[in-house]
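Shared chain: subunit A. Partners: subunit B in the first complex, subunit C in the second.
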Partner chain A sequence: MTGSTRLNLLVLPAVLFLLAVYVWPTLGLFRNAFNEVGPTGAMVEAWSLKTGAEVFADGFTFELTLNSLWLSLTSTLIALVLSYPVSLFLFRTNSRFRGLLAVIAIMPMLISGVVRVFGWLAILGDRGLVNTLAQSLGLISTPMRLVFNWTGVTIGLAESIMPYMILALLAGFGQLDRTLEEASRSLGATPFRTFLRVTLPLSLPALALAAGLGFVLSMSAYITPKLLGGGRVFVLATEIFEQATTNTNWPVAAMLAIYTLGLLLLLLAISNIAARRLQR
Partner chain B sequence: MPTRRLVIQAGLATIAAPAIVRAQGLSGQITLMSYAGIFQDNYVKTVIEPFQQANPGVKVNYVPGGSSAQMVGSVRAQKADPQVDIAIMDVTTSSIGNTEGLFDKLTPAEVPVLAELLPEARAAGGEFGPAVTFDHLVLVYDTQNLTPPITKLADLWRPDLKGQLAVSAPPNIQGLALTAMVEKMEGGDYRKSIDAAIKKLRALAPSVQTFDPNPDGYSLILNGVVKVATGWNARSQLFADQTGGKIGTLLPPEGSVFQINTINLTAGSKNRAAAIAFINHALSQGAQKAFTERMFYAPTNGKAVIEPKAIARTAAAPESRARMIGVDWNEVIKLRDQWNNRWRREVISAAR
Partner chain C sequence: MSYLELSGLQKRYRDSVAVDDVSLSVEQGEAVALLGPSGCGKTTTLRMLAGLVDPDRGAIRLDGAEITRLPAHKRNMGYVFQSYALFPHLSVARNVGFGLEERGVGKPEIARQVEEALALVRLAGLDQRRPRELSGGQQQRVALARSLVIRPSVLLLDESLSNLDAKLRDTMRHEIRSIQRSLGITTLFVTHDQVEALTMCDRIAVMDRGRIAQIGSAEDIYERPATRFVASFVGRSNVLPATRDAEGRAVLWGETLPVAVPASGEFDLFVRPQRMRILPVSEPVSPGMARVHGRVLRSVFVGDHVEVLIEGVGGQLTVEMQSGSAAPAEGTEVAVAWPLSDTLPFAREAA
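Then we have the complex of A and B:
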């Protein structure tokens, strides 16, 4: 047995595990996508493209795709704008509490998504913190609609992907060399100009990496659109769930799941290419 | 040559046979899948425990299965090796199981209690598992903070309720039932068209805080998030009792729609005899009476004698029965996708 064969053996447990818990069920998903559904919802075993044809002929699928892309884009941009300064601070600070601060920044990851969403309901609801405060200050007379619509979902999703983006940014800041910034300042550039011409361009690969991750996470997010959307926000993930568990329509759910998987792979590929180009 | 031992063994076996048959018929375990939460708690107490006392050899495992659609999904996934013997779920999903061959037909020879059921209870499942509970759609409201209280379906459009409603939209069957009710209120008939209902519901949309109440409308009222929600009678009645009357239940005078749960025998059940015995028990007068008096689902056994106080709070009360809109769920289910699309495009899209 050569060294490299022995090395390859190390991945065997992970490969077997993935085969059992990921590849096999995904194949089942593919199988279901080619079944048909009768008028009462009963599944008819078949090898047919009828379900696929129906799914892609339905304008709603296109609408769902645009909704998912739009939601992911807005949440990612908001999260990026908020995460970038935090990450930059964490990367640069010499504080002895740096470790603690980093943990605090990624702490939302440690809380269940459902709990976090109910937290947002308490903050953004008609009788929540924001509305109560704004009303008591006399800023508004009727509550602002901040949840059970796109606004609530965008806010909730942006917050939920922030910890991942902060980690991605920290990981990608490798090229951010402080001496280059010092050189810029010593040559007379203002701090703002230094940021714009040195810091920001050097952090572009990190930003691309974080944005790609945030976008993919947003595309597949289910809990936030489901619980904060109030039945008004239709995205691919909620539709897959609805088709599978309310309509008992497994073939349509499976077809949409495969379609979403394809979209995500495409997006990941694009984000990887972008990150690599920016790194050069 | 038959030995003496063989003769004795054969003799003993003959003597013991009836007992063995009896024990074989009612021993071992069966698994019942149905709703979680208060349904489970009360079903175990009023139906399962008495069954186990009468049949000490049988252990009934109650498995909460999520929504009806999730339950039929579980039974479907276990088709090759069923782990569930009996499933209680909504008729719209059990009919899917019937068509797919997931459930067995039941005959009066095997299930004599079928003869005692109301005709509509038997009709709900056809030759398959019959109705085991009747429920109906109600409006649930906050009795503490809503003055005046709502008294009819049309009250949902009251201006003071703007932003105070939780309405379960289709594909949830509450939304389907509401569509039929609003169409009737507007003088139409859902079998012909739902145009009037959609138009009216579109006008309601800006008042609706959520079309997907989580965890459910009752909780949103109790937490002060909304003041009125769509709900099911049985649960509303129970929550009303449990909260000291903080929530009220209204069967709208404009009419309501039955929700039907059927009891279904899984095809290939590994303990069919015990499962059949349980179905006989669940549909019997005693079990139906006990569960109705505990949880206010209307009984499906026509001979069950229910306390007048309890029956008045179910759909079986004469004045309630008179208000019911005859909805054939097997027909509505074929229209579900179409109704669902119209809600999405014409109702929910009307901004909040």
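Then we have the complex of A and C:
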């Protein structure tokens, strides 16, 4: 038995596992997307494009797509702007608390999405921390609507993807090197110019990686848009869930899911190419 | 007052003193080597000069102006890092032009100066390459060109040759030295390689545990080492344990040597192997010479010279003979002689 066949055997359990829990259900999903809904509302086995035609002829699908893309874009950008300085600091610090600080930064990852949403409600709600504070300071008279709308969802989503983006940034900072920044300083560049000409360009691969990840996570997020949106925020993920559970319209849910998957793969490919370009 | 003055520089870290007390004066156009073992504070000294590390104590003066707290980007020092630190995302030309761009020099002028600098380090034609498309030696020359093109007040080289192979290193030494001389650039050159220090610099500052142990010409350092550390760090020496007789003269291997020795405590005599000569036992020596007796243990041919290991009553020593002269056979009883003036006594350090 050659070394490589032995290796192949070693990965066999993992491959079987993935086949069972991922590939098989995905194929099932694919299959469902081409079924039809009978007059009773039950699913009828078929190989038809009727469901697909319905889904894509519906203007709501287009609206959902735009909503998903917009929400993902804004929360990714917000999260990126906030994560970048944090990761840069963590990457560079010589502090003996570095490990601890890193754990704190990615801690939200360990908390259930539902719990986190309730945290945000306590902070952003009508009688939440922000509104109470602003009112007691006399800045506003009526509470600001910060949850159960796009604002709340964007804030909550940005926060929930930040830990992943911080990790992605830290993993992507390979080329970044203190000595390069020192070289820039010694050649006469101010700290700000050094950031623009050295630190930022060398962070681009990491930023692209993190943005890609954040975007994909935002696109597939369900809990945050659902709970913080208060039924007013419609995106692809909430609609798929709605179709599958409330409407029990499996073909439509499956078709939307496949559509979303395709969209994500496309975006991943784009971000991959971009990252490779930047890496050169 | 000298062009560049370091006085009483100190830098402590949480658990160590990197630089304890460094004072140094460098004249305009002079090349000074900072020579010392790993961890003695050479890099830290350079970094304080470049403004990349704040000294805890002491002052740096350049051309009469105090620059101790001046930020790095206002110092105009050309720092060539050990790792080259070329910008991987910029072409060779843009790497070299980086400092000029920061100084607001116009594009055509930058192009002209970059070309000139690349020609100076013999890299013309490689300007559009990325740093990682260059060999180690070429990268090093780009780093040098990048620092030279800004006409630095002081050029700081931090072990910039240590990543190169022996041959390339030798070539680069000569190139850097001739560029440095022809442009008259004041240079501080950090190295732990003695040959580099001896060949590239006008003066050498030997550093030991955060302090300058001795500063002087290559000859001063080599012939008249001021401390035991300098004597053992620079060049090779026989370290011969000796005793003191009633009149306070040194006694080595049973022979009395009229050299000045420390008044008290244990001490060793340091003698360079190439200053020693092997004589027949019967041959007399002139008054200015020291002489001991021993037996040849073995001879080793090392290319341009022969090392002869000799054992006497008080231990062993090595004599370096020109190859060509016949080495005595093993087991032969011989005398070893050397000028008394080349005998350097140093007190033994408390271990």
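Just so it is clear, the second predicted complex is superposed on the first by the 278 of 280 C-alpha atoms of A that agree within 3 Å, B and C clash if a C-alpha of one lies under 4 Å from a C-alpha of the other, contacts with A are read in each partner's own complex, and residues count from 1 in each chain.
Note that a contact is a pair of C-beta atoms (placed from the backbone, for glycine too) under 8 Å apart; a residue touches a chain by one contact, two chains touch by 3 or more.
Every value quoted in this text rests on a predicted model; they were computed, and no experiment measured them.
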Joint occupancy of subunit A by subunit B and subunit C, clash or fit: fit
First, second, both or neither for A:Leu202, with subunit B first and subunit C second: second
Which of subunit B and subunit C A:Leu227 touches, first, second, both or neither: first
Which superposed partner A:Ile123 touches (first subunit B, second subunit C, both, neither): neither
Partner with the higher number of touched subunit A residues, subunit C or subunit B: B
First (subunit B), second (subunit C), both or neither touched by A:Leu263: neither
Which of subunit B and subunit C A:Ala189 touches, first, second, both or neither: second
Per-pair minimum CA distance [subunit C against subunit B, superposed on A] in Å: 48
Those residues of subunit A which subunit B touches in one complex and subunit C touches in the other: none
Subunit B partner contacts - residues on subunit A that touch it in the complex: 38-43, 60, 121, 125-127, 143, 145, 148-149, 226-227, 229-232, 234, 242, 244-248, 250
Subunit C residues within the subunit A interface of the complex: 50-52, 71-79, 81, 83, 85-89, 98-99, 102-103, 130, 146-147, 150
Subunit B residues within the subunit A interface of the complex: 66-67, 69-70, 72-73, 76, 92-93, 95-96, 99-100, 163, 169, 171-172, 209-212, 214, 224-225, 330, 333-334, 336-337, 340-341, 344, 348, 352
Parts of subunit A lying in touch with subunit C, wherever the complex brings them together: 175, 177, 179-180, 182-191, 193-194, 197-198, 201-202, 280
